[in-house]
Amino acid sequence: MQIKILAFGIAKDIFGSANINVELRNNAKAEELKDLLEEKYPKLKQLASYMLAINNEYAQNDSPISITDEVAVIPPVSGG
Amino acid sequence: MQIKILAFGIAKDIFGSANINVELRNNAKAEELKDLLEEKYPKLKQLASYMLAINNEYAQNDSPISITDEVAVIPPVSGG
Amino acid sequence: MDTQIEISSEPLKTQACIDWVMSPQCGGIDIFIGTVRNATNGKNVVKLEFEAYEPMAIKEMEKIAEQAFKKWQVQKILVHHRTGILEIGDIPVIIAVASAHRDAAFDACRYIINTLKQTVPIWKKEIFEDGEVWVAAHP
Amino acid sequence: MDTQIEISSEPLKTQACIDWVMSPQCGGIDIFIGTVRNATNGKNVVKLEFEAYEPMAIKEMEKIAEQAFKKWQVQKILVHHRTGILEIGDIPVIIAVASAHRDAAFDACRYIINTLKQTVPIWKKEIFEDGEVWVAAHP
């Protein structure tokens, strides 16, 4: 399945775009998407940390991703 | 010496006036003034507490009072 | 030590207080605004009256600000207190503290209002429909 | 639970925030105002840029407000956060909390800003004369 990934802050700079498309196997878990992204964009591994969000909620490594989900990369937040 | 005593809050109600004059021996200490006031106005003893101020500073029991001092009765404060 | 300490019988101006305390060196401002509640211990309050021993109250508030400057890395402190008759919703006190980092502003602001309530010669009378009482006067 | 949570690219309005949070049941309001400092770690800041993942940021701010209502006896919570380019002295964030007694307002306000900085998906870019950096991105 093809998933659109939203990117914010430094993740947008790393991807060179506010969103990218990635090809992911059906029902993949968040951890697999992270591995895939880190392979394609090694600079992600240099961040202090980063999370994935699925449908506006922080995801766990074993959270499943389905084709209708809104997925986003959340680098370290710094609001306020 | 005759001293003018300023009164605020409930002390004003107890004295029936914003200030009263009392006759005090020269160089009396704050404690003597308190005793004298409590004798004349026993309701002072019913307060949760009260302080004297001499020249805009909280007085100790042994603080001396002179005729040029500004003396005030400070019942429990409740600002803010 | 940059302080603005005032006692006034005019309505306090929140926006002017905030404008005074803001500065390009500061990243955080904490503001405490006291307001007149419509009830105390379940009893309806009609209005409040505040009385101050003004010169001493100013002096005591200056002492509190000095202590706060010693205790915390803060840059500006404002304390405004109102006197006279106040209606429900009116503002008896505004305390505003600016600092480079927010923890100092929070700590100092809270310290100032807590200490003000203990030491500054200002008195509050609560006026109910059926009487009135000087707050904290009796045990 | 009475909350007002907003993200906006328009300048935040301090007085309107305070007006919203005031109520006759409340005796104390604590307000935190973040402002853009002219320096960070000794380096001159020219401006800041804030970016938000808006729907998720709103959701996370609502969660924080809910937690605050559970932890403390507070009556109203307002959180406004700005996005876009901000100059020195501009206000990125206003948090205002009203409660019957002031301790709850202080505790809740501080909890909200601390937690917001940890969990709400908003990002700050510091723009210097000679470059720019996303704050906290790297170890």
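Worth pointing out:
Going by the order they are written in, the chains are A, B, C and D; count residues from 1 in each one.
The rule we apply is simple: a residue touches a chain if its C-beta (ideal position, glycine included) is under 8 Å from a C-beta of that chain, and two chains touch if they have at least 3 such contacts.
Just so you know, these numbers come straight off a predicted model, no measurement behind them.
Put simply, the chain farthest from chain D by mean CA position is B.
The distance from the centre of chain A to the centre of chain B, with each centre set as the mean of the Cα atoms, comes to 72 Å.
Averaged C-alpha coordinates give centres for chain A and chain D that are 26 Å from one another.
Centroids of chain B and chain D (each the mean of its C-alpha atoms) stand 48 Å apart.
Contacts with at least two other chains are made by residues 34, 113 of chain C.
Shared interface positions of chain B, i.e. residues touching 2 or more other chains, are not present. Every pair of chains meeting the touch criterion is listed here: A-D, B-C, C-D. On the chain D side of its complex with chain A, the touching residues are 34, 50-53, 55-57, 59, 81, 92-93, 113, 116-125, 134-139. Looking at the complex, you find that chain A touches chain D at residues 6, 8-10, 12-13, 46-48, 53, 56-57, 72, 74-80. Against chain C, in their complex, chain D makes its touches with residues 14-15, 18, 22-39, 88-89, 100, 102, 105-106, 109-110, 113.
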